[in-house]
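What follows is a set of structures for review.
Shared chain: chain A. Partners: chain B in the first complex, chain C in the second.
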Partner chain A sequence: MADRLLLLLPELVLFAGAVLVAVAGLSPRREIRRALPGITAGFLLVAMAAVAFVHSGERAAVAAVLTPMPALTGWVRLATCGIAALLSLLTVGTIDRRLEADVQAGRLDFNPLMAGRGEFHAFFLLSIIGLLLCTSATDLIWLFVALELTSLPTYVMVAMSRPSRRAQEAAMKYFFLGALSAAIFLYGFALLYGATGTLIFSEMSAAFAAQRAGDGIPLVANVGLVLAIVGIGYKIAAVPMHFYAADVYEGAAAPVTAFLGYVPKAAGAVAMLIVLGAVGWEGGLPEPVLTTLWMSAVLTMTLGNIGALLQKSVKRMLAYSSIAHSGYLLIGIIAGPGLGITAVILYLVAYGVMNTGAFAVLASLERRGREIEDVEDLAGLRHRHPALAVALALCAGSLLGFPPLLGFVGKLYLFIAGVEAGQVLLVVIGAINSAISAWYYLILVGVPILGAPTARSETVDAVPSRWPRVAAVLAAVLVVLLPIVAARLAPRIDAGTAVRAAPDPASAAAARR
Partner chain B sequence: MIASLLLLLPLLGAALIAFGPAGRRDVAGARAGSRTGPRWIAAVCTLVTAAVGVVAAMQFEGWRDGSFGLHAGVDWLADLGITLNMHVDAVSLLLILLTLLLMPLCIFASFSAITARQREYYGWLLVLQAAMTGVFLARDLVFFYICFEFTLVPMYFLIAIYGGENRARAALKFFIYTFTGSMLTLAGLLWVAWAHADRLGTWTFDIPTLTAFAQSGLSSGEQAWILLALMAGFAVKVPLFPVHTWLPLAHTEAPTAGSVILAGVLLKLGTYGLYRFVLPMVPDAVVAYAPFIAVLAIVGIVYGALICWVQDDVKKLVAYSSVSHLGFCVLGLFALNPIGVQGSVLYMINHGLSTGALFLLIGMMYERHHTRDMNRIGGLARVMPVWSLFMVFFVLSSVGLPGLNGFVSEFYCLLGAFTASVDAQTGYPGRLGPWYAAFAGTGMILAAMYLLIMTGKVVFGPTHLPGGHGHGGGHGGGHGGGHGHAGHAGHAADAHGDGAALPPDLTRREIGVLIPIALLCIVLGVRPGLLTDALARPIEQALAASAAASAAATVARPQDADTGGGASGHAEGTGDDLPRADAADATGDVVRERVRG
Partner chain C sequence: MPILILIVMAIGFAVVNTVATHLLGPGRGGQAKESTYESGMNPFGSARRRFNVRFYILAMTFLVFDVEIIFLYPWAVTYTKMDPGSAEAMLYLGRILFFIGTSVIAYIYAWRKGVFRWD
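Then we have the complex of A and B:
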């Protein structure tokens, strides 16, 4: 029990943070309310240190026993805390903007009942906790609760992200479809329980092994797996559960969209790995599962990229691109242990950074207090905000997977993992999709840097807060510099659920860095 | 060590231009003449790099024996065996030297043409130089790919910022075409690396290791797929016939230095890729598909030449002539005998020199007269005698006048193709034959026609200039304002120098840019042995695989009755339809292989 609590130390830190910011948000003192994003980021950094602490030294061995895929737990938690700290910079000045402005101008007295900033950041942290918990799920119930803990706060975050009907519409859509997806994968989990008689992954893994050795995996288990995957596919916006993405991403404020692009996606990818780990890649995934994943990967990549090509709104474009990136991720998920999981983790980190960077640029710009929408608004950004233009270009280049940026390293690992797993066709489709995506990512590079400012884009200004800009520049720097240490970012994971290898000392060492 | 310098010096220069204090003062051309401006940093940097290159060439010990040298590098992604290792052999070192020669010339040639956004311009040029050098230096597959791909970015910006009126479209098309192709190339290269890891247990991306492995370790079915994947990227870059359409547009719209580098070096990345990877890595497939690729090359030669014939725009003409000329280069490679490949490698260098110089000359003309339409300009011999002298010289070099550089390479390529069937008995695969050479040879005739017609119109004949101060101003009015300055002024007037500031004929700076190329053209024309001696051994090694493959194939073929018929029938080389039959056979192979797989 104590071991388990130690393992959950980062989550506990963040929970304390969530409680604190929820209360602090009600403070009548403006400085405290202003400091909320900073406090959030601070707790995330402490949690990051806690992850490094928990996964280093002798404790690493203990952590390894308690988690389904030790390196996965350590790495995803570490990266998530870092990326979330970056994300929290984006939220500065977004929530309650009008209210705070009124209070400051003396038009309004501060009323804790109207203040949402504290709650927002509490939800922010709770959702992160959900993702962290996902990575150490050892049974289906835990996984389900963790997934829901990831998702539920995001519904509220979307709704309160900006005072606009579209945000509320997006939240409703997101919530109802999210509930539907939860029902689907819960049904899948139930069938898995029925097929194996256990909820615990390690026992389930043994049951599957016995079934493989015997008559093969029964239909009910296959149906359960497929339902679980399709349902969890909602979290990563994989076809056929992708359709909400564009509307929701567009409706939410840019900082929240950036959050949606990383946190639920990482949770979904991790959950898929853990569920698939129970049945095991060794000896091949069951045919229906493989087919589902394969079709989903192909359709997700292709529809995502083609969808993105057709968009004029930057956020919708990035929403579809986010769908496409889930398709690339699925290549790694199909490939499984060995390089596949490594590639998935690396790609999640890469995607988290570059996606956050791209949205940070959007979050840094506004027109008369409202978010910018169209690509055209970015025209000639170079002249007014050169740093933002360059940051956007770098992040878009990285999303495209252009060497030698971070996204390229991620994609390289995914493709190698795919080839290694014998999925050459899938890799070729991925390569062709990357080429398609060049069209729209080049727009994001070209319009700000090459385009001439138009009358419309002249009215675009930077937001008052400098932190989103700082986040954008920081992300761009990471996109350029992280490839240098990419070897240490890519923990080698050979063990599935069933096999609990000793934790990789290298990754623990890297985790401490 | 010295190899890394070749890579790092330009990057250092680029960083200096981007972040250094000197650049700032030069914004908006206010102090364009300043000797600390970005253009001087770039010039000094490229000159120093070129000097380092010369030192490297003297240190290099593999000129005669075909070995690799100048090793350097660091580890990168250790768990996959990905490194940033470098080495060179004679072929890649020659191409590096070509790059190092052309870069300073390009920079000097841009002094008057580029007056706005100088920092970015020279910064990107230096980055481009680093990327191109990296391609030739790379000993690691992923490193190669990174550099290969990264050449796109500087070029994209060079075209998109400093190009002509269609520059946005040209840059986009250039980027998308090449990027699409090279994504597939990446997939093919990864497959080779995976096959090595799968069969031998360790991941490595070391090019010599993988090449040695791939020759023997891959089945012919796999080789065919890999050939297809590799060709997807390299053929676009070369460019080979059906995927060449990005080139004329990019060439025409690019600024002068961009065109020079594009023709001089970037296209060679494709043929270098064919030489370095395709020929030695997938010999079986190369032998099987050589006729098919050669036919594409010949179509490119003839088709490109015919299009040149009807061009009015001088720059477009030279651009299409690249399609035609690079066809020879590919034809020579796929002749699969030493003569042909030697010709091809020579062609890479000679084409870089002559066509690069032609683009420089056209740029100099354009800076003065703001048109490239040969109906609007003519008789420049009277106005610009020095320019005309160089123009005629380089046209002759490009046409392949014996005694100048172009002749030797073109002749070798054709000779290689011609004697390919004879060589079948000497151990080289030789799937081509006299017919291929005969058809390709028409390209030489056509080249002479279109280039000399162009020279006749622009250099000789009655003088008429677009500004109307020539004798035949009547021509100037009607045709194609689109090519002219009018359409240009709206967006890029700031990016281009004012022609009025230049004297009517070439300045000393411009002559200085052309002289080194001209000298090299003569030297290489008179003494091609300087290069061919150095090239003989590495080329033999590159061909050893396909020779062995064909030897193995001749042993194996009798067992495989249906393909054997087509192939041996082909050795006589009597018809144009045979390659198609071959290709069909080979496709059949692939399909069967896949079904088995």
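Then we have the complex of A and C:
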């Protein structure tokens, strides 16, 4: 119990933060309301330190016993807290913008019933808690609750992100399709429970091992696994659950879109790894599961990239690019232990940073208080906002996988993992897709840097707050610097990726308390 | 095949029961019997009146404490059977205090939000 509580220290820190932020957002004092994103970022940094504390020294061994895959719990939590701190900078000044402006100008008295900033940041932190909890899920119920804790706040965040009908439409779509996906993977979980007679992953993998040694994995378990994968695929926007992405990403404000690009995706990837870890990659994934993942990976990459080619809106383009990146992630998920899980973790971090950077640039620009839409709006950005133009070019280059940027390192590990796992054809398709994606990423590099300013792009201004710009520059710096660290981190992450075998009954019982 | 029989039986049971009630029931009406059931109160006015949104917010706040009571009852029944000094009892006490703490925070939040202001 005490060990378990210690392991969840970062989540507890963030929970305290969420509560504080929710109440502080109702304060009649403007300075306190203004400080909310800063408080959120502060709690995320404290949680980051808590992750480092929990996974250092002797405590690391204790943490390793309690979690399904120690590397996930350690590294994904650490990276998530960092990326989320970056994301919280993007939200400065977006929520309640009109209300705060009216209050400041004296046109309106501050009314807590109308304010939403505190709630927004509380939901932000709660969703992060959900993702952190996913990484240490030891049974299906925990995993389900953690996944839903990740998703439910995001539906509200999309609706609150800006006062427009499109945001509400996006939230509606996102919510209903999200409920559908939850029903699908929950049904899958139920079938898995029926097939193995247990909810706990370590016991489940023992049951699967026995079935493999006997008559093979039964049909019920295979159907359950396929449903679980397809349902969780919604979180990472993988085909066939990808169709919401473009509309939802476009409808939400840019800071929330950046959030949607990383947090649910990371939760989905982690959940898939944990569920597949219960079956085990050793001796091959069951045939129907492998086929589903394989088809999903190929279709996700291809549809994502082709969809992105057809877009004129930057946000829709990045939404389809986000779908394509989920396809790359699936290569690592198919490859499994050894390099696969390491590659997935590295890629999640890389994608989180570069995606945040790209959306930070979008969040920093506006035309008369409205978000910019088209690629044309970025033309000649270099002349007016050189730092933003360079940051966007670096992040887009990294998303493309241009060496030596961060995205290249992530993709390299994924492809190596795929080849080592014998999925050469899949890697070749991935490489072809990378080449296709060059077309639209190079537009994002070229238009701001090389393009001449047009009458249309002259009307684009930077937002009043400087923090989104700071986040864009920070992300660009990380995109350049992290590859140096990544090569040294990879072996350390690798050490923690082994799927834990069924523990002895005593410690399993202790873990359950 | 057994499933088919089960389906036919289930549907048949429902249909037969509904039809039988209609045919065999005495069917005595009356003004009191046909009026809307409002937990024993006499219904008045139309049911399609609009309420102020405050009522709903207040009802949600009520739910927080309603659910809390549901959890407190079984807790109280088990806790009295425990040795108050033992580590397990302390753990149980800590858990329920944390739980109550969360609802107190919910209460503070609702109060600051102005849910109880009625002007």
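By definition in this document, the second predicted complex is superposed on the first by the 488 of 513 C-alpha atoms of A that agree within 3 Å, B and C clash if a C-alpha of one lies under 4 Å from a C-alpha of the other, contacts with A are read in each partner's own complex, and residues count from 1 in each chain.
As a convention for this text, a contact is a pair of C-beta atoms (placed from the backbone, for glycine too) under 8 Å apart; a residue touches a chain by one contact, two chains touch by 3 or more.
Please read all numbers here as calculations on a predicted model, not as lab measurements.
> Could you look at A:183 and tell me whether it touches chain B, chain C, both or neither (first, second, both, neither)?
The answer is neither, since A:183 touches no partner chain.
> Scan A:5 for contacts with chain B and chain C and give back first, second, both or neither.
In the superposition, A:5 touches no partner, neither chain B nor chain C.
> In the overlay, answer first, second, both or neither for which of chain B and chain C A:431 touches.
Only chain B is touched by A:431; chain C is not.
> One more residue to check, A:481. First (chain B), second (chain C), both or neither?
neither
> Of chain B and chain C, which one contacts the greater number of residues in chain A?
It is B that touches the greater number of chain A residues.
> So, does A:310 touch the first partner chain B, the second partner chain C, both, or neither?
A:310 contacts neither chain B nor chain C.
> When the two structures are overlaid on chain A, which partner does A:23 contact: first (chain B), second (chain C), both, or neither?
Second partner only.
> In the overlaid three-chain picture, which partner chain does A:113 touch, first (chain B) or second (chain C), both, or neither?
Only chain C; A:113 stays clear of chain B.
> Would you sort A:402 into first (chain B), second (chain C), both or neither based on which partner it touches?
first
> Kindly classify A:61 by the partners it touches after superposition: chain B alone (first), chain C alone (second), both, or neither?
neither
> Okay, in this complex, where on chain A does chain B touch?
Answer in residue numbers: 339, 397, 402-404, 408-409, 412-413, 415-416, 419-420, 424, 427-428, 431-432, 434-435, 438-439, 442, 446, 449-450, 452, 486-487, 490, 492.
> Quick check on the complex: what are the chain B residues that touch chain A?
Chain B reaches chain A through residues 75-80, 142, 145-146, 149-150, 153, 156-157, 160-161, 168, 171-172, 175-176, 179-180, 183-184, 186-187, 190-191, 193-194, 197-198, 229, 491.
> Hey, which residues of chain C end up touching chain A in the complex?
These residues of chain C touch chain A: 91, 105, 108-109, 112-114.
> With touch defined as at the start, can you tell me which chain A residues reach chain C in the complex?
It comes out as residues 1, 19, 22-23, 26-27, 111-113.
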